[in-house]
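This is the structure I want to talk about, given as structure tokens.
To keep things simple, chains are lettered A, B, C and D as they appear, and every chain counts its residues starting from 1.
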Amino acid sequence: MINVALLGLGRIGLMHGENLISHKNFNLKYTFDINKNLADKIAKKFNTISIKTPKVAFEDKDIDVVFIASSTPTHIDLISEAAKHKKIIFCEKPLDLDIKRVNNCSKKIKKFNPKIQLGFNRRYDPGHSSIKKDFDKGVIGKLEKIIITSRDPAPPPVNYLKVSGGIFKDMMIHDFDLIRFYLKNDEVDSIYSSASNISDKRFDKIKDFELASCILTSKKGVQCIITNSRHCSFGYDQRVELFGSNGMLISGNKKENETETFTKSFTSRKKPLLNFFIDRYVDAYRIQLDELASYSKQKREPISSFEDGRRALIIADAAKTSLRLKKKINIKF
Amino acid sequence: MINVALLGLGRIGLMHGENLISHKNFNLKYTFDINKNLADKIAKKFNTISIKTPKVAFEDKDIDVVFIASSTPTHIDLISEAAKHKKIIFCEKPLDLDIKRVNNCSKKIKKFNPKIQLGFNRRYDPGHSSIKKDFDKGVIGKLEKIIITSRDPAPPPVNYLKVSGGIFKDMMIHDFDLIRFYLKNDEVDSIYSSASNISDKRFDKIKDFELASCILTSKKGVQCIITNSRHCSFGYDQRVELFGSNGMLISGNKKENETETFTKSFTSRKKPLLNFFIDRYVDAYRIQLDELASYSKQKREPISSFEDGRRALIIADAAKTSLRLKKKINIKF
Amino acid sequence: MINVALLGLGRIGLMHGENLISHKNFNLKYTFDINKNLADKIAKKFNTISIKTPKVAFEDKDIDVVFIASSTPTHIDLISEAAKHKKIIFCEKPLDLDIKRVNNCSKKIKKFNPKIQLGFNRRYDPGHSSIKKDFDKGVIGKLEKIIITSRDPAPPPVNYLKVSGGIFKDMMIHDFDLIRFYLKNDEVDSIYSSASNISDKRFDKIKDFELASCILTSKKGVQCIITNSRHCSFGYDQRVELFGSNGMLISGNKKENETETFTKSFTSRKKPLLNFFIDRYVDAYRIQLDELASYSKQKREPISSFEDGRRALIIADAAKTSLRLKKKINIKF
Amino acid sequence: MINVALLGLGRIGLMHGENLISHKNFNLKYTFDINKNLADKIAKKFNTISIKTPKVAFEDKDIDVVFIASSTPTHIDLISEAAKHKKIIFCEKPLDLDIKRVNNCSKKIKKFNPKIQLGFNRRYDPGHSSIKKDFDKGVIGKLEKIIITSRDPAPPPVNYLKVSGGIFKDMMIHDFDLIRFYLKNDEVDSIYSSASNISDKRFDKIKDFELASCILTSKKGVQCIITNSRHCSFGYDQRVELFGSNGMLISGNKKENETETFTKSFTSRKKPLLNFFIDRYVDAYRIQLDELASYSKQKREPISSFEDGRRALIIADAAKTSLRLKKKINIKF
């Protein structure tokens, strides 16, 4: 069994906790949250030890994995500390909103050569990873285009949005990473971004955007298009299209069930899409833990690394610059 | 050019007429209908010679093809006469409602060894014939099941229904023939039929049925299921499924266009099906004429023959017997 | 918590065991299997008490639910005994292969008025039950046809087949029950059945069938078509179609993931279907337990009852009779 | 009948010719091509008068419509001349490669107030226009995004490409126009373009591109994404997606037929897409003529006007500028 300390018990932390306690390879020993009441309640529910400070976990030699699901600004310090204590680290995305802090951390922890797995859950999605496998097998020849549609069913609360880092760092960062996942031996070279508000004018006030689209180009000339929306009436719209010299691979949406309705005025009407990331990516989150268990025991690179997190953030910064300067931005990692 | 006399200018005759005049291989010389006014009007429109009796066409040596689209009871006599005059014959389905008359005709015309093409249009449908080609190539291995769904958008007028011969001879005869089309070197061996009325009680009065289903078994054991409805709210439902030891082939429905609608309460809603046999089988009717042009000039069997028409009628008779006796009926051709 | 004794630890029993221990409302106290070694191994794994005889469970007042997943011939005796001890009973399908034994049991246990839930898992499938809800809401008007396609990916071992009761009692019994589920206030009135062997000749030897199709008619005239195959190259083919006066509802297949491949020679190629009933009906099995938890605490009829199990068996017997006599069989329950 | 002179008998001219002679409202009187031999051959086939110079058509008072399908550089002069002679004009896209010539022409012909219909065939496609109708009805609320995928099955010959004006003026001009078709009371405000070559290096030599993608923004903030490829292994990929505040409308691809194949390794494999613009847009070209017939007789704006052609060209010029300057270009019409 792999002993785990889970730091952060918000919505995503709770989900990871549920998955950890029902996973055959993990023993969830410690849980921590800055909200003491919540921490105690959850510790009871999960049958874990509620710790008052992450330090307890860092200093416990039995703890193998520090699982970081706390708020974004805490990630970097927790990673640094966990690395110092030779822990295996899982960290939710994004690493931080400030690339300087990430770069500093990167240098600082280098000497510990820590095992870190980033929470880019989409890399583990059965559909998204299935088309990568098919592409790697050569099914569609040379890669020419990657087109990602990613639309949330509804925006998070304004209070969350205000500190989220904006649509590029909070939402599209997933897609920047997916692009890099598919590019593999190629790399993102430049980006142009576009953003606007049409229906939900609250975004104007907080200087953020409900709609954003980017064109990225890879060093080899692959054209990558990402389009995001903060709302989507018909559910959580998550599609990836890989277009190559010999074909195309699509990873499509998941619906509530596989039923269809036909009446006088229409045919083949289907149910709405799964409406929430926890439902849509339920398998991805589970497989992500399988990978963590496997990665913990092997000498190898993780499927999603600290460096992947760092590069996704650099692209997100470039997207913001492009929006400001209204031009294509070359990217240096 | 192949000179044609078209006999019968009802709905289906008119459609054939339009197709004949725009077909590059045919010259529509004569048209005939028992309704003189209609005949003259159409002759003007088609720029053809309106003849007062089919005899004119039979006796004109320039006429290559006699195209029979008149009412069912006239088919047999017109075929006999046309065969005697060495004409190439196209005849709409069904041959007749009375198998004895068909058998007599069969014997009578044998000595003329006439070229006759039956109007089983579905054999020529791009979808239905495409799965036959794929099956013949071995894509699904050994054939085990044929499942045909055939539903008309709305029943014809009661006056037509009364003389139609009933659902098995008027409607399901198409499907009996399709079954035989796919069975090819195998043959229908037995049939069980079932029929009922639920929504449209007019069918009770005329002792006919709005709903009918059959299970046919082939000599090799292939199970064939046909289900018919005289109405279908969402259009003209026309599907064929071939199930084999190594796979399945489906010929599906055709819609108005390839658009989809997504809203809060549903996804992928599509347009209604094409609603009328002339729209749904527009390509089939055109290809049927191509085949008539090709068959006219070649020494070979037609894709749909007089004998196919005779056998489909025998199966329809057996379906009626099965319904009366409530048991499986063995079929002898 | 509801205390459960699980009887039978074969493939299906193990699956139920896994589901029971991870379900929030159940406490799996006892496990039993006639294979002592297996029983002890599983008890260890599940952290349950391995009992040497079901009697222990019957006589333990703490046990609320007796969960019967043992081999078919043991069902009736275990039900009788459990009923006598006032237990809530879950029993896998089929109740028994012999309707007389079922009828006797029915009479015998009547005085105990026991709560019994039958393991007709498909009633709980999100897709299959979703179209029932939509039908009940009136989406398609009056019901006219039910068409069920059910094909197993591969036949079970011959040793199992030999004692299975044949395709109608072992496999199609699910579909007989589904028909009754959708008919609701209507009831099956007659059946005609057809069966054959084409590819797998082992079925001839054991006088069973790899292919079977039936037409059932309801008292109101609804035509019900079932087609079964013991093998299906492309996975576990499970489809239901409800056709009504105003529309059609389809519950379709589930695939590995929602990816599509396009190349020079084809478009929209999808992954194979989920290949095993435990994968395909994973949600159904889970929801079935939710229902058991709910039913345990409420005064009401179960969604799938002992009587449903009895009637499905009567239909299966009629199917066998129809096959022998080659005619339609009227059904009396 | 509307008397027509058809100028230009290349591939597209021939297609228009075939459609014109089979259209019930048009009488194709004159045909013209600079290739005398071809002109005479086609005139014979079409049963038209082969004229040696367009002048004959302009000066014939019986000619209602001058139909321009000749090479792009001839369009402007023919339009000017036809306008002077008060002819109704149909002109293929693009108007010209040089916006100055178009602007001059625009001024010059203003005084004649000519009726001109531009050959933007996609506006007439049943799918593409169906989603416009649904959008106009309010089905998806406020428009937020337009996403167009347009991929040709294979590039035209290099000789054609060299004089084509490049991917933006020759190919993407269709999509620029479609964007404006859907925006209706809104207008394109800016554009950013990206282009590259990966598989077909011939494009490098002629300084053109096989792959291109653009993001356009409308005055109201609608984000418009276009992606083009000069080759597409699986056929002529033509998709439009309208995303709005309350839903999404998709106009999808058309396949050879509606068949599907299932085997051990896949499900629902469909046939390749229609492979050629003349097949894919066969209905659009026919409906375009219906519109020409209707527009000829009515006082109103055409569905696709000279001004639409001019604006599409301005956007194409801006796309080229954006590519050169690597930044967003604001558009002034």
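Assume a residue touches a chain if its C-beta (ideal position, glycine included) is under 8 Å from a C-beta of that chain, and two chains touch if they have at least 3 such contacts.
Everything numeric in this text was worked out from a predicted model, so none of it was measured.
Under the contact definition stated at the top, the chains bordering both chain A and chain B are C, D.
Each chain gets a centre from the mean of its Cα atoms; the one farthest from the centre of chain A is B.
Distance between chain centres (mean CA atoms), chain A to chain D: 41 Å.
Note: centroid distance chain C to chain D, computed from Cα atoms, is 58 Å.
The multi-chain contact residues of chain B, meaning those touching 2 or more other chains, are 233-234, 246-248, 253, 261-264, 271.
If you check the complex, the residues on chain B that touch chain A are 233-235, 253, 255, 261-273.
Of all residues in chain B, only 22, 126-127, 130-131, 134, 139-140, 246-254, 256-264, 271 touch chain D in the complex they form. For chain B in complex with chain C, the residues that touch the partner chain are 141-145, 147, 149, 151, 192, 194, 196-199, 211-215, 217, 220-223, 225, 227, 229, 231, 233-234, 237, 243, 245-248, 325-328.
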